[in-house]
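The same chain A turns up in both complexes below, where it pairs with chain B and then with chain C.
Moving on, here comes the complex of A and B:
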């Protein structure tokens, strides 16, 4: 009887130690590494990285950003429509692309106009200083000096969800287009597909 | 003897502490103060009560129920931020239940607790229709917070859930069937044990066909069948389908909106509003209009521009109440088992009338929540009631075994065992009446073009003290959703969600 009690108590203590030892405190890791949490239903940071990298490479290689007259195209970031069943911030993608375009030196991006109004409202606000006695009018930005965009970058993210038994699957389709605003023609288009699958545990807590 | 007695007392105390008050006091009674405040239109009081209850129950098995009530009461009160928080939290908890391993310790523990007490020991996960409406309300809350993109996400989630409900339900019924069979086996083992102790042996198996011979069970089944006659197909809710169609119309996607309107037409071929919506959409995209609808004219205005959609959430959804089935069970004899049955509420408003540009527009019934909820209850009833009776029988036979053991020990142990088992059975003979009580009993719908003066007049009947409510629309909105909540003799809120 006593032996049984000792075994029972030891098992309980061992389990408690095991369970408390399972957790870990917060830590930093390299965002470019393959670490990080992957979930089936959501777009994780790695998915954004993969998509941005593939689309930027494709866009830059296509030559669609180059102009024959040597001037740099001005690209506005339009809307990346979220057609998934997750609340996502599509700016993670558009900001990455915007930075890559600027870094490439092939084109410039504008913050004065976007599908949802100006990304940086300052361009408009400073022009409202015209006639304001407080400011030296020679230094106030004049109307008619801002440069309108030549191209627009837009896209859509679509998600298809499927379940069968304990397995669930999400298929994300990222589609991006670059439109020549003069002609309305798409000068570049590409997509990235990401498929994820997970299986619910049969036995667990 | 003393050791056994203290052990039994300890188990009893643990059960009472861990099963929570819903296991002893049914949820309908627990929510009475809240629902009285809500139904009388005292939203401030209801808001306060539900916030406290959510805090008190945040770690209990009833938390989802309280969060759903909280989300809707806060939505009706106009406290959208907190409404969204409550709905988000409820959704997270529901998803967490869905993601658990197929065989998991927590569910097994709850099942065991339920076998020893009653079904309220199992966490409330919401009816399937609750899950669909949760996302529909989240979508409206996002609209109220001026975030139509997030609202569209919620509408997509709502469609996803609607798609997988039927499959999930059949899986759930299969699981229930297995649990029932296991409980029946356990019961038979107990009855064999009793036979060995000298009591006359009888089979402890229970099935629904046998239970249907009981008048109360038969009536409950027939009543829910009658109520669900008006239902619209397997777990379909025309309100959520209509919300989905509105979502597509906002996106200028007539193709998908037409699919929703076609489904609405299939659900109810006599609804003049949805039939005409279907015809309008089908003609717009050049799809086939069924021959029987060819004479129906299209709406003479656009369905996705310069339009007001009005949702009238009328009355109260049915609420579960505790009743007793009187049965004669093997070994036990005559007994009363508490079980939940829906109570349906009268609606005081037949329709609402809105005036715009000197024209009047009346709402048309779209989704009868009585029928939708009754349909789900009706489908669940056979397994639910069989399980309840089996669980009761398990407890009874276990009590009999305990009494028999005590009898053999002598020294008054039998009397103590009788008292203890009697008290235990009395306390835990509670029905699982958990449900989302603040939902409306019916959704009605109407639409018309935005009036030139951008003002709507809600004409109220003599039932209401105010005779009319004026609704002013913004100057530049192209798409307006008006949500009107009507309770007994009261319009408690009118909300407008406007966007371009």
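Moving on, here comes the complex of A and C:
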């Protein structure tokens, strides 16, 4: 009986050690790598990266950002509508695209106006200093000097879920448009499709 | 008994090999396009990848505004009876790779872009794919393409 207890206790300790060894502590990894959790129902960071890569390539290739008069277009970020069942922050995508637009040297982006108000409220705040005795009025930004946008970047993310037996699938459709605000015409449009699938184990989770 | 085991194994091999689909292609022989091919310098460290993936060509084009576009044509070489059998057994059909473009400016400095991430790609045996990238700005004229077998790292 005593021997049985020893065996039982040893087995319990061995199992506990084994299970502890199975886990791993938190660690950092390169966000540009293929590592990271992939889930079927959500948009994971790799999906944002793939979408940004494809849309930026497409936009730069299209030549839509260029103006014939040599002046640079000013692009504002409008709304990317989230029509998925998840809460997602579409700014991950729009920020990547606006950075690429700025780096291209073909156009400029504005932070003074966006669909959700100013990205940077400072442009408006500094103009409220007009007449403030504290500031040298020659250095205060004047009204009527900010440049209004010529183009607007907008889009929508749509998700379609399907389930058959133990297999579930998500289809994400990212659609982006660049609109000439003078004419209201879309000068560039493209989409990225990402499909994900997973199969539930017969037993377990 | 031994004979029937051999027969069963042979049948299994044939069935497995028959499971894999490969891609046949057809294209016009006399091309109208004028392709600006680039001579490439290839550093291969993965023998498996070298055998499985053929780099057919590299070409470039200059887009309006002086931005360069690069294209690399690759082809999956995982064809042939034993190769197909092996990739079917190891569940490597389609063949999964990852690639990344890095762009360098005129001073040789790397410019981080939305393209500087590993992107996954599925290749069916025999399939030809064209990997494309657009330079982040007109000052970038040189690029490097990295390719690896997909491994979640």
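One rule holds for everything that comes next: the second predicted complex is superposed on the first by the 190 of 205 C-alpha atoms of A that agree within 3 Å, B and C clash if a C-alpha of one lies under 4 Å from a C-alpha of the other, contacts with A are read in each partner's own complex, and residues count from 1 in each chain.
One rule holds in what follows: a contact is a pair of C-beta atoms (placed from the backbone, for glycine too) under 8 Å apart; a residue touches a chain by one contact, two chains touch by 3 or more.
If you're wondering where the values come from, they're calculated on a predicted model, not measured in any experiment.
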* Looking at the overlay, what does A:96 touch: chain B (first), chain C (second), both, or neither? -> second
* To do: Look at A:87 in the shared chain and tell me whether it touches chain B only, chain C only, both, or neither; answer first, second, both or neither.
  => first
* Taking the superposition as given, does A:194 touch the first partner, chain B, the second, chain C, both, or neither? -> neither
* Does chain B (first) or chain C (second) touch A:161, or do both, or does neither? -> first
* **Contact breadth on chain A, by residue count: chain C or chain B** => C
* Give one of first, second, both or neither to describe whether A:43 is in contact with chain B, with chain C, with both, or with none. => neither
* Asked: Which partner does A:34 reach: the first (chain B), the second (chain C), both, or neither?
  -> second
* With the two structures laid over each other on chain A, which partner does A:57 touch: chain B (first), chain C (second), both, or neither? -> second
* To do: Name the contact category of A:105: first (chain B only), second (chain C only), both, or neither.
  => second
* Structure fact -> chain A positions within both the chain B interface and the chain C interface are none
* **Residue ranges of chain A in contact with chain B within the complex** => 82-87, 159, 161, 163, 166, 200-205
* Please name which positions on chain C make contact with chain A in the complex. => 63-65, 67, 69, 98, 100, 111, 113-120, 132-139, 150-153
* What does chain B use to touch chain A in their complex? -> 99-106, 149-150, 152-153, 156-157, 160, 164, 167
* Asked: Which of the residues in chain A end up touching chain C in this complex?
  -> 32-35, 46, 49-50, 52-53, 56-57, 60-61, 63, 65-66, 96-97, 99-100, 103-106
